[in-house]
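A, B, C and D label the chains in the order they appear, each numbered from 1.
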Amino acid sequence: MFVFDTLSLVFVALILLGVLPNLFYSSGYLPHIERKGYYQLHYFAFIASMLGVVVSANALVFLFFWELMSLSSWQLILTEVEDKSTIKAARFYFLMTHFGFVFLMLFFFIVGNGNLGLDFSAMHLIASEFAYPGLLFLFLLLGFLSKAGAVPLHVWLPYAHPAAPSPISALMSGVMLKVAIYGIFRFLLDVLYPWPLEWGILILSIGALSSLIGVLYALSEHDIKALLANHSIENIGIILIGFGMGMIFDSLHLEVLSTFAFIAALFHTFNHMSFKSLLFMSAGAVLHQTHTKNMEKYGGLIKAMPLTAFTFLIAAISISALPPSNGFLSEWMIFQSLLDSSHLTIISLKLAIPFAIFSLAMTGGLAIACFVKAYGITFLGLHRSTNAKHAKEVNFLMKSGMILMTAVVLSLMLFTPFYIQWFDKVFVSLGRASVYAKIFPDGIWNMHSIGINGGMVSPLVLLISLIVITALMLFAYKLFGVKTRLHKTWACGYTTSAKTQYSATGFAGPIRRFFDWLYKPNEHFHKQTIAEHNTKFTSAHYEVHIQPLFERVFYQSMVKLTNLISYWVYRLAHFGQTRYAAMIFNIMLLVLFSYRLFTHEFSWALFIFELLIMMTSTKILIIGDKK
Amino acid sequence: MVDFLIGLFLASLIVALFTTRLNGLLLWYAINSLMLGLLALSMGSSIDDDAMILSGVITILMKAIAIPFFLKNISQKFHFSQQIVPKIKVHYAIMLVPVILVFTFYLSEPIVNMIHTHANYMAISISSLFLALLLIMEHSGVVPKVIGFLALENSLFLLGTTATKGMPMLIELGIFFDLLMAIVVINLLFDKEEMRI
Amino acid sequence: MILYLLTIVLLILIAPILLSYIKATKMVLFFKRPVPLLQGYRNFSKLFSKETIISEETSAITRYAPFLVLSPLLVTMFFLPPIVGGAYYVSFVDAFTITGLISLSTFFLMLLGLDSASAFGGMGSSRESFISALVEPAMILTIFSVSLMADNLGIGQAGVNLAEHFPKEHMASYLFAGISFFILLMAENGRIPVDNTETHLELTMVHEAMILDLTGVYLAIIETASSIKFVIFASLFASLFMPFGLDFIAPIAFVIFVLKLFFVATLVAVFEVNTAKLRIFKIPNLLGLAIVFAFLSLITFYVLGD
Amino acid sequence: MMLTLLLTPALFMFLVSFLRNENAKYLLALSSFAILFPIVDLFTFVKPYAILGTYLVADKLDTYVLLVSSIVGIGVTLALFDLDKHVKVSPKAYRKFYRFFAIFWVGLIFSILSNHMGIYWIGLELATLSTVYMIKTNHTPAAHKEAWNYMIVGAIAVSLILFGIILMYASAKPILGEEAMQFDLLLKHAKEIPSPFLFEIGFAIATIGMFVKMGFFPMNLWLANIERASFYPVAALFSGILESAVIVGFFRFSQIAMEINYNNLFIFVFIYTILTIFIVSFLIFRAKDFMRLFSLSGIEHMALIVLFWVSGSPFAALLHFGAHAFLKPALFLSTGVLESNGKFRIPGALRGYKGKRGKIFLLLVSLFLLAIISLPPSPMFFSELYGFGAMINTAKESNHMLGMIGAVLFLLILLSIIFYRFVAIYQSMKYEGEDQDKKVYAGELFALIIFAISLAALMLPDTLHYLKTII
């Protein structure tokens, strides 16, 4: 019923690391919530179900907890219904997760021969005998990636995460998405192993695409939680890049490199859990104080909420993959495994992987831009609204939640070797050779890449040297006792005010303009001009809204199609409402004819003849003459 | 003799399809039921089956006499219009009837190879089933629909008598009981107002 | 080890001179009276003696960020390839870390720009984030390509390897990487087609806009940081793309290296004089070029190599 | 003896319904509760247990169905107590309702327990005809019209079933003689039937009759309209009990047909149900009325039960059947409360419940709503898992594997549409609209609690084990 192997335990640890600080944060957040019992019930059910998913050993238990997880998280989104958008987001989320569930279910049915009580280990044989493994892979991907939020199944994330209460956003984005990643690990490594090369390439491309798309849409957001949610898409993409590389190496029998890439993916999974939870918690604290998710209404919060600002900064550095943070380390590992592609012998693949490198690097650059924007607009400058002006630091419990999460982030940074050793065990237990000794050949100081001319990084040395040099400089600065004076910001002779600052929209302006072809933004620009002069105006208002391309192309057309079909069916059903006898007559005719035709003897001529008769009789008896 | 009665049965049903008067319809239904009853009687006497003779007698008493009278009473009581115009145009109906007959024979063709005697009877029963359905769907009034339903019941009996040489006695009686029940319910439904569907 | 530390000190000392040298060269080319080469030091000492004015609107970020801008760059200085054969060099840091450290410095610089609540600071940060986002992929691809040619990703080791074994068989690839790296050098250091540090015109400012509100010591730190950044890039260019002259004895090797640095600076100056500042939305064209060259370098390495 | 016990409460009810006493109401309800006892008693006997020779035989399948039906019956009678607080009902209508309810029970007991096609049919016809009049207890023109509609179409459907039965009988008569109507004998000798095609034609016709009666394609709106026009408890009766009588017949017929030619049967039923679910799902997507919504979803579930059964997972089918039989009447009964501020008001229907009763009602209805879209821990979640699992397994063994998997996927996507609609409606009920006070009465609440307990009992390991041993 349950399994506790290393992979499961690693993910149990991940969940616990994400949940424990969240418990504090959540209890600090509780007074803010009206329906406390409802919230608590679903909150704990949610946590329990996530734990249940990663330790379940057969499909029935897995699916049960999986669906329970969706159910409870859906209910949690609905904890604080303030407007229609929350309702819409919850609905959409639930549909998407159900969509994924359908494919997972199909997957399990096929690999379990319909027997849901089968252990995962027993599924391997059935899966290998199945004639279309590609189909299984497709089902698995659709099932887990719709939950993980990889492109193109990511559309629900930027709606659902902002709608949930902040502790829940942190859990959903930080932990729940990782449960889907667990599924990918578990079933690709346990059940569908070995893979053809194409699968790895597919995952790699999905990852590359997700990371770019995620960060691009994050940049264009000014809802802080939606921004973070879009970053989850990006990070899931990065994890998938690592995982895809692992698969590629594995299918080319480069086992050591493959293990390295898998460890990188797993490490990034942990890191993303830590810093994304922390970001959501800090953003939640800001939201808690300012009562708005709109970044344009923040500003200057660092003075009122120094701790929140500090934790956000730590997390922002980590998510931007700046050294020596843990985010940097895992991204470094993923980069290294991408660079190891020079070991490949397939020249076309070798030439294609630089594109993944490109997108990952681009993602890194854009992520920095995005977090400068998020941090700068939220915490720096002048407050842009009265709510921001009156913000205070949040209560003790919430603060302790954030501090604990910061500790998790820092621990991942400081104890990297320990974590990697542990992740290594996961793959050793799967029957692979240990690579820990190759990553840390000479103690915990230097971290090596496994490739032949791979790089090296020493996180602790970096950290210490950075701290020492900065401290020395600060010490020198203090020693000199430089005279300082406070004065207003110099604004070329004008006075600085909240309105003259750069806005979030403006900050992302250049990048948005550059990616205009992707965004196709919806711009609203109103200005009150004076005497028809284009350049002179009393007031101006500028707003940009961006509807993601995938949503436009994919989802809205699906909605349109469903509406169309349902309209047609509705009309048809109502049309023949009173001609029941005629309908029975026709269905009898149809069934008996088909029975005679298909089970006794088949001929095309008769088939066409039957079709004609059916059409005529439907026309005469059901539809009748036009009036 | 059996074939002759079956022919008459089918003929009376087809004629009923084209009737435009309520009383005419009732008459043809009565004749239809009479043929059925006679068929059961003649088959029952030829194979010496008491149960079938009994059911033939009940059929004649109930379906050929009691029910038509009952319906006539009701129609007089509630002043139903005598004029019942089929919704399906006559030229379509003329086409449909032979098509149904051909189809049912086509349908029962494989059976002929399996059982030797009654395949044609079965085809006729199925086609009379379809014809009864046609009768139901071509009228919008309640009484013709009820008659259509009763004709459907007749075709069931035709199948029961011809294809299986009579069902178990208990079952036949049960079916009659249900028919009675149906009549009671119909009576209750008519209650006060005249309704059109 | 002493040689190693000496090199770092010397490079730090040479940094302000290099920037002043570029300026002077440009002025010579424009037929103006050039600034003295020690102008950088003069500025520094002048700024150091001034009092520091801090804006009322700023927060702790302004007080710490200048140090955090400088310190990653200083750390980077320790990781550069050796300029004398046989000298100690740090082997445990690779090119990614260096790009990462440079990004870290830029990150704090951008926050600094946003902290003072001035429109200029925001503008500068916004533009800088745009440019550095586009620089990042080109940078990493170039590094990748160079590391393939040098057979090592560690930047120190790569410099040594290239000096010992010049990649003759990959000349095309090497050249493309060089071009790409040179463009990145221009972009990262705010040289003319991308940024112009010499004017304070809001249409063109990027780097200057971010530090517009800084004075005194803080400004001095930032100026030092930008000169060190230039030295880092120039010496990387010198070590990776002009890998010769390491075999001589220490003083001569050092002189050769300094000459290489000045050569790079001259190259930059000449390039700057001959181009116009690009509009902000045209900059991607230039950086796109860098990306394309980096890709080309990789592709030619794979296709023509072996 | 057993038969007398089974029938006594119904006969008692029939007689009491002629009394014009005020307190007769309680006697009637009491007699309806009494139905449960002999059934529970029957449940404990060793199966198969012959009640009336070879005509009525109680085996595990039919006692299970009968037990479920009787619990539903009790729930319905409980809810009837407070019906007059929601809608106008005369005492006369009450009495008449019980009179026909008694006949209905008799028909039901015969049809469910029968081991004989003829008896099955007679019982079914009796039950059908008696429900016709139940619709009419609601004195509105719509109800009158729908009663007629039900009368005609129901009669046609039942006649088709008989027609099919006669054909099947005819096909087996050469080897079994007069006993060719017994299910167990037919099942035993299915392989020896001289003309399988005749049997299959008969089965097809009977199945059409049953499907029509269950509201499958193309009769989807027929049932929905009838349930809309009748009183809430009557609708609950329809979906909870009458359908079960029909489906028992389907179970039995299809068991025999599976022996004869599984492939034909499977493809026929598969296509028919997919077509049904296709239509139903898109109708649900547009439904703006509780009754129609629930009755369409009832059709969907019946289609799923049928599908699970023929896919070779009787366990899933029976579990789904049980869950459906409890959930659907519960929802129909609670519709009375949900609509207490007017029909067609979905937004805010789950708001405005005050007091302890209101809270419990709110909780139960929310759970039921989430349970019918098979969210865990609803029994439907498990039954769908098992059922679809069996379907995929069948697909893997068939020659058209990819096509079948595609069809299952299509089916699941259709179910997702229904899922989406229900989620949307649930959210709209709970979070949109205004708070308007709604009263909940004890009768309904008890009924709901009974259903909730039964659902929970369905999930007990013992029950699940019992269900697995039925076939």
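One rule holds for everything that comes next: contacts are C-beta pairs under 8 Å (C-beta built on N, C-alpha and C of every residue); 3 or more make two chains touch, one makes a residue touch a chain.
Please read all numbers here as calculations on a predicted model, not as lab measurements.
> Report the pair of chains linked by the most C-beta pairs in contact.
A-C
> Report the inter-chain centroid distance for chain B and chain D in whole angstrom, where each centroid is the mean of the CA atoms.
About 31 Å separates the centre of chain B from that of chain D.
> Taking each chain's centre as the mean of its CA atoms, how far is chain A from chain C in angstrom?
About 35 Å separates the centre of chain A from that of chain C.
> Determine the centre-to-centre distance between chain A and chain D, using the mean Cα coordinates as centres, and give it in whole Å.
About 43 Å, centre to centre.
> In angstrom, rounded to a whole number, how far apart do the mean CA points of chain B and chain C lie?
Comparing mean C-alpha positions, chain C is 100 Å from chain B.
> For chain C, what residues touch not just one other chain but two or more?
Not one residue in chain C touches at least two other chains.
> Find every residue in chain B that makes contact with two or more other chains and list them.
107, 110, 133, 136, 145, 197
> Among the residues of chain A, which are close enough to touch at least two other chains?
581, 584, 588, 592, 600 - these are the residues of chain A that touch more than one other chain.
> Going by the touch definition at the top, which pairs of chains touch each other?
By the stated definition, chains touch in these pairs: A-B, A-C, A-D, B-D.
> Of all residues in chain D, which touch chain B in the complex?
The contact residues of chain D facing chain B are 55, 116, 118-119, 121-122, 125-126, 129-130, 132-133, 136, 144-145, 147-149, 151-152, 155-156, 159-160, 162-163, 166-167, 169-171, 173-174, 178, 181, 194-195, 197-198, 201.
> Over in the complex, which chain B residues touch chain A? Could you list them?
My answer: residues 87-88, 92, 96, 99, 103, 106-107, 110, 130, 133-134, 136-137, 145, 148, 197.
> With touch defined as at the start, can you tell me which chain D residues reach chain A in the complex?
Its residues touching chain A are 149, 152-153, 156-157, 160, 197, 200-201, 204-205, 208, 212, 217-222, 225, 261, 264, 267-268, 272, 278-279, 282-283, 285-286, 313, 370, 375-377, 381-382, 385-386, 388-393, 396, 401-402, 405, 408-409, 412-413, 415-417, 419-420, 423-424, 427-428, 430-432.
> Under the definition above, what is the set of chain C residues touching chain A in their complex?
Touch residues, chain C against chain A: 51-61, 64, 67-68, 70-72, 74-75, 78, 91-97, 100-101, 103-104, 106-107, 110-111, 113-123, 125-127, 129-130, 132-137, 139-141, 144, 147-148, 150-154, 212-213, 216-217, 221, 280-281, 284, 291, 295, 298-299, 302-303.
> Sort out for me which residues of chain B touch chain D in the complex.
Spelled out, the residues of chain B in touch with chain D are 107, 110-111, 114-115, 118, 122, 125, 129, 133, 136, 142, 145-146, 149, 152-153, 155-156, 159-160, 163-165, 167-168, 170-171, 174-175, 177-178, 181-182, 185-186, 188-189, 193, 195, 197.
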